[in-house]
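A, B, C, D and E are the chain letters, set down in written order, and residue numbers restart from 1 in every chain.
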Amino acid sequence: MRIGYYPGCSLTSSAREYDESVRAVCEMLDLTLVEIPDWNCCGASSAHVAGAELALGLRARNLALAEAAGLDEILAPCAACFNRLASASVELADAPDKRQAVSEVIGMPYSGKVRVLNMLAVLERFKDQIAAKTEQSFRHKVACYYGCLLVRPTKVAQFDRVEDPQSMDQIMAATGAKPVRWSSKTECCGTGLSTITRTELVANLSGRIVADAAKREAVAIITACPMCQTNLDMRRPEINQKLQQKHRIPVLYVTQALGLAMGIDPQRLGLQRHMVPVELPEPEPEVVTTDDDDDED
Amino acid sequence: MDVLRNKARDLLAQGQVQVVIGYEAGTSGARRPSFARSEADAARLMWDADCVGNLAGYLTRPEIKKMGKAAIVANAATLRALLQLTAEHQLAEGAVLALVVTEEGAVLELSNAQAVTEQVATLPSSLSAADREKLERLMALSREERRAFWEQELQRCVKCYACRSSCPMCYCGSCTMDCNRPQWVPVASHELGNLEYHTVRAMHLAGRCVQCGECGRACPVGIPIHLLTCYAEESVRRQFGQPAGTSATLNYALGNFRPDDQESFIR
Amino acid sequence: MADDVFEPKITAFVCNWCTYAGADLTGTSRLKYQSNVRIIRLPCTGRVDFMLIQKAFARGSDGVIVSGCHPNDCHYTSGNYHARRRWMVFNDLMEFMGLDMRRITFSWVSAAEGAKWATLVNEVTDHLRELGPYTEYQRLLNAGVA
Amino acid sequence: MSRLGVFVCHCGENIGATVDVTEVAERCKHMSGVAHAEDYKYLCSNPGQNKIKQAIQEHQLDGVVVAACSPRMHEPTFRRAVSDAGLNAYMCEVANLREHCSWVHQKADSTTEKAVDLVRLQVEKVKRNKPLDTIQVPITRSALVIGGGIAGIQAALDIADSGHKVILVERSPALGGHMAQLSETFPTLDCSQCILTPRMVDVSRHPNITLLTYSEVEHVDGFIGNFKVAIRKRARMIDEELCTGCGECLQKCPTKNVIDSFNEGLSMRRAIYVPFAQAVPNIPVIDTEHCRRYQKKKCDRCAKACPTKAIKFDQKDEILNVEVGAIVVATGYQVMSTDRFPEYGYGTYPDVITGLQFERYASASGPTQGVIKRPSDGKEPETVVFLACSGSRDAAKGVKYCSKICCMYTAKHAMLLKHKNHNAKAYVFYMDIRAAGKNYDEFVRRAIEEDGVKYIRGRVSRIYEEDGKLIVKGADTLLGGEPVQIKADMVVLASAALPNHGQGELAQKLHVGTDPYGFVAEAHPKLRPVETTSAGIFLAGACQSPRDIPETVGQASAAAAKVTALLSRSHLAREPLVAEVNRRPAPEYSTCTGCLLCETACPYQAIGHEDIKDRNGNVLKTLAKINPGLCQGCGTCVSLCRTKAIDLHGYSNEQVFAEIMSL
Amino acid sequence: MTSTFKLSASALETLFAALSTGGWRILGPTETDGRVEVREVKNPSQVASQYLQSTLSAKEVAFPKVERLLSYKMTPGQVELQDHDPELQPTVLFGARPCEAAGFGVLDKVFNWDSRDKLFSARLRQLTVIGLSCTQADDACFCTSVGGGPGSTRGSDLLLTPLPKGGYLAEVLTAKGEALQALVPAVFEPAEGVDKEALLAKVEPVFDRAELTAKLPGLFASELWAEQSLRCLGCGACAFVCPTCACFDIQEEADTKQGQRLRLWDSCGLRQFTLHASGHNPRNVQAERWRQRVYHKFSYFPQRFGEAMCVGCGKCTRACPVDMNLKEHLTQASGA
């Protein structure tokens, strides 16, 4: 199985551990990642504010490069890159005139057929292999955190349910984990405001998420977006200071959790790069359930 | 030939039938309908490969009916017409004795619809290979070419109604063409009158035509007019699957329906 | 009629219970459509004899619309089913005789589909304006008369 | 036919605005056969109709064309006016200048030209009209009511009281419908069971009513006055004559885990059950899907316990074929279930319930004997949030309409909560309060002012569960759009009222139309709300659109009045627009060839055949024969006939041909 | 008046050329996929050869199958009538068999019997017939029994008789014939001592027309006609191919705005021909209709004009779907 791979700038810098875990897990699932040759920035943070034509050109070029390399599907692990590329793919899918205009700008043809998938959409296809390859079962209570861009806006994401997504829960369940029922699956973590301007807002918003996860006795928060991971993990001191609590619940990428469950060495999964140290308790014991006998008269 | 003549003579002598409708020799080798009622008439009856005309049309003529019970020398087309006429309540069950001359020269007597149905089941398809090939060639043309072909052919029609009179299924005493209140189809044989007449006749034969080609043979100006009715019948068979002339209890394709009839042109 | 722009003449055979009522609804909702069509009311599409379509063209119509209840909605339970079978054979036969089937539009329009009727008429009118007058058929009207 | 009158209506401005009516009238004067033409402002008004009548006398007219609105609207009016003036009603035709011309085209010469064409079309048609007399069709003087809720009960009682036989068919094992599930009813708070049970008993005891519960309409044939209906009486596995309703069998049934739909899934019932205590008829039903005996396990505990041996395990469904003259559709509604609300937890939070479920809790015969409890832990809820407009007025849910009754029952629920538990806190999130009935708004004010229900104007965006509480996140748009968050113990969704399940199939069986939402379509929204487009089939209650009990009962009586009017006559005068086989002098007798291919085409089996015999009895010719009583005038046979032997009065070949030729 | 000449084979070229330049329309028998039809021709090469006869007769030139008599427009209050004069072009009918040429004479007697038929006469006046004698016949031909013959000059303005070695024996018979000769005098070479009879086909007379006419009144009630017409389908083929059938039907094609009155061929063989509005049909049985065809041609017409309304061409026999052979039936009748 072969798929286009668009790491994006965060996976080559502040979220290297996400990239490492993605490559490790994909290797285990024998899914070859073909990095798009000469890919360029998806314009996530500022391009779409600066100019529509610039933003569309940046994104279209990546799609055109993928198409030139014969890739009709691209994996974009980072939620922001996924949102940007997917919206371009949807926007150009049935707009021949737009395609014509943008291909002049980027100097390359683009037929409009490339589809963009986020990390969960790809992993969802391997649930059986994940279950099969799980060596030590990952039987922990985990809080699956989706963030905002993986499932919204529906026209672009075209993935899972908007209010109460289940895809990550099912992927984690394949490893034996027990996703908890909690209410902050798609609540905002504070995103763009985080590192630079309004850190106290992030402490408040991310704090709520961490508190909710802790209250449900989750052992770890699982996420598939570098932005969310950064806020929940790196801003933990501000969060604990705001909540007057000592929350030590680690924040793992879904690929890191799968890697651990499949017995990949934590070093290769980049766990050492986390701010909140990743110390997981022993997995919970097996509970044998017997089907209830109906009383025969 | 003699087996047939003896059979006809015996049937007439025993009074089983009052007339034997068959073929006799005509001008310069043609075969024409013959109505044997006496031993002398029976001697004129003939049977060979040229006897292709469909005699079933005569069974619905008042003059023939008045004669009493009839026997008819039947080729494949005549047998199918018998079944279709029975299905349309024009022939009562057992009103006609069909005489079929086999390759070996024996004469089969089919006295009821069931026997005729079994015989028809053994026959090849009603549409002759030549006609099927002509239809396919016409369908292969473009629409404009087909329009030109039919315009050029129908232009020559003089509306002598030989096609209608020779068709066994055109037994209607008063045809739509004869209706003048309202004057559905112009009587004149100008191009519009011809186009509308032949369209109406083809539609009236859809699901009823036994594809015997009699109308094509009857046309004095040589228009292949049988292709229209044969095509209409083919269209019904392809879309609704009820071939005419194969059963005495057929239900008329355009008189029935299935809720899931498939089409692709209704918006 | 503006003399330079070709205004197609369209005849419509509609069933009283669905499409006629649908056209009424188009009226009550004040939707606008082009005025080339002349509606002839019949109780059911089952009542539409193919000779009516033939006569409409003989009267110089450039296009004919035949419309009635959706299958399974017929007020008389099966009129439209019979009509559909006839149209299937008539359509096929006309194709075989090389007549221009783009000028006949068969459709189902229910009593609640006022908007669909307006769009249908506008689309057919524009399409016929594009196709131009049905000279191929109108040429026959007095051909073959000495 | 030479003296025609053409009357062109202005219809106020509706036609006059875009069609030059005086020009149309002028042009009609010159049409061949037209003796008199005039235009008038309102032809359908009395003075307008009198103008027509005078003109008929004055000019000895023998044909009239009225160019006005759609014939579907005023054809009967104008035909009656024409017949009052002594001219046969069917010598009058209507040209549709309003819906098909003035309203849909701009003001232009082409529009006026089209109007003239439309009038000429009818002028040519009316020249070929023949005087026709109405056909008298015998009526079966009994009625069928489908649906045993309050609508069906009221309609059945009214029809039965007028002396006609009624067959009442109810799908569930007992009468009552949704009303039986209600606790108290607004605006008077009188207990629903107390006012409903007497009516149900009246039905069971009424000599003219045959009550068929646990039965469904299988197939409907025929037409107004002569419906043939096949009803499937499903097997109860209990002999209704022998059963005394003692209930012994109910205790013995070992299967106790069947979800009780009467209690909206809040409790369990046994495999043999009676929907509710006061059920009419009080005869249990064995639910073969859950009863063990039908799941390959031997069990006959209920049979053993039955004192009168009424239980018959091998009872079979019965098909009853009945003939009725009229049908009333009273199939009621259903409420949108909580799993249609992703933003409120997709129905996975047990404490988020529907209005009907709250009714069951509040009802003394309910699972908790009237004590409001939380489904999750059974505790009495301290804080309850009610959400009005859940699913209604919401295009995303496909329900753009307002369900009309939720504002009232939400106020009632809040009031009942406060009555049962004074220190409970009740919040209502609402958009607009629609309490327009008699004493309705006062009822809501009472809930707010006397019972202290807190009304918050705003929508709830999300509900999620936290520490056993339901966090209700909303906004208060009156107080500057402040976000509001309430920790609630229970949330009641006043969810949208939808057409009852199975309504689509029933509508198709009856050939009645439905609107885009699936509610049964009335003949005319303003003028004929209790009739459908299929003559002889009437409507009552929420099957047409959501409505409260007072309106439903009113409409049920209205439908009953329509039925009684129909059944009051022994014969029904039917439109003479039927088909007929032509006759010709001997020896032809008719152009019909007797091929009888039309026989199978008639949807009403109205076509048979007759033999023409000579004096000594031998058959000269067999002709098709049409029974005018059965023929509905669809015309399918007319266009099928090859020799044009069959013609349809009102749409004859000559008439339609003339219309085409006038284009 | 008749003078005989010889034309070489190539003479036709010059004749046709002269005619076209002279503005004449030339009609002649052409052969298209096995069918011989009278169509417009420009040069002799288009004219069919080795054919017996055309299926439809050439009467179409003078009596078309559909002809507009008049048309009218109706505006409110008054009618505007347009009479129709056929724009006529002088026409030469080349290659008409002697029987067909004779047909025009018969038609002329009917159409101009008491009132002159304006349209028919106008068409006939501008027609010049170049006959072509028959060198072959089949057993449907019986022209010799009705006063005609393979070389009969009746009805032709110029009669050509094909010579064995090519070229034609030409007999100039009428003023129109002379007018043709005047067009191309050079090609008319003197002909010496050519035995025309020897060149013609042999058609044995089978009955005597005068005897038959005398006998027919006695046979009116005979069973013979019923017997002969058992197989007759009652179509109009025989009448429409017949050069001497002159019956026509008038049809009005009109609506509320305008209309036209058409004259079109009709046939006594069709049931509709004598159907009364009341539904009564004086000739309701096919036998009566067949008898009418025979009696009109061989009894009523001869009593009035002294000759048969038939030229014995045999086209009806060849066109009949069920082979109603007129020669055979008449022979049978004359022997009854």
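A few comments on the model shown:
FYI, a contact is a pair of C-beta atoms (placed from the backbone, for glycine too) under 8 Å apart; a residue touches a chain by one contact, two chains touch by 3 or more.
All values derive from a computational prediction rather than experimental measurement.
The chains that touch both chain D and chain E are B, C.
Greatest centre-to-centre distance from chain A is found for E, with centres as Cα means. The chain with its CA mean position farthest from that of chain D is E. With centres computed from Cα atoms alone, the innermost chain of the structure is C. Annotation: B-C is the more contact-rich of the chain pairs B-C and C-E, by number of C-beta pairs in contact. If each chain is reduced to the centroid of its CA atoms, chain A and chain B end up 76 Å from each other. Averaged C-alpha coordinates give centres for chain C and chain E that are 47 Å from one another.
Here the spacing of chain A and chain D, counted between their Cα centres, is 52 Å. Contact with two or more other chains is made by residues 176, 184, 188-190, 193, 254-256 of chain B.
Shown for chain E are the residues that touch two or more other chains, namely 65-66, 255, 262. Residues of chain A in contact with at least two other chains: none. If you check each pair of chains against the touch rule, the ones that pass are A-D, B-C, B-D, B-E, C-D, C-E, D-E.
Partner chain B is touched in their complex by these residues of chain C: 50-51, 54-55, 58, 71-72, 78, 81-82, 84-101, 105-108, 120, 136, 140-145. The part of chain B that touches chain E in the complex is made up of residues 26-28, 30, 32-35, 53, 57-58, 61-64, 156, 158-162, 164-166, 178, 186-190, 193, 217-218, 220-222. Against chain B, the residues of chain D that register as touching in their complex are 588, 591, 593-601, 622, 640, 642-644, 653-654, 657-658.
Across the complex, chain D is touched by residues 161-164, 181, 183, 212, 215, 297 of chain A.
If you check the complex, the residues on chain E that touch chain D are 74, 76-77, 255-256, 278-280, 284.
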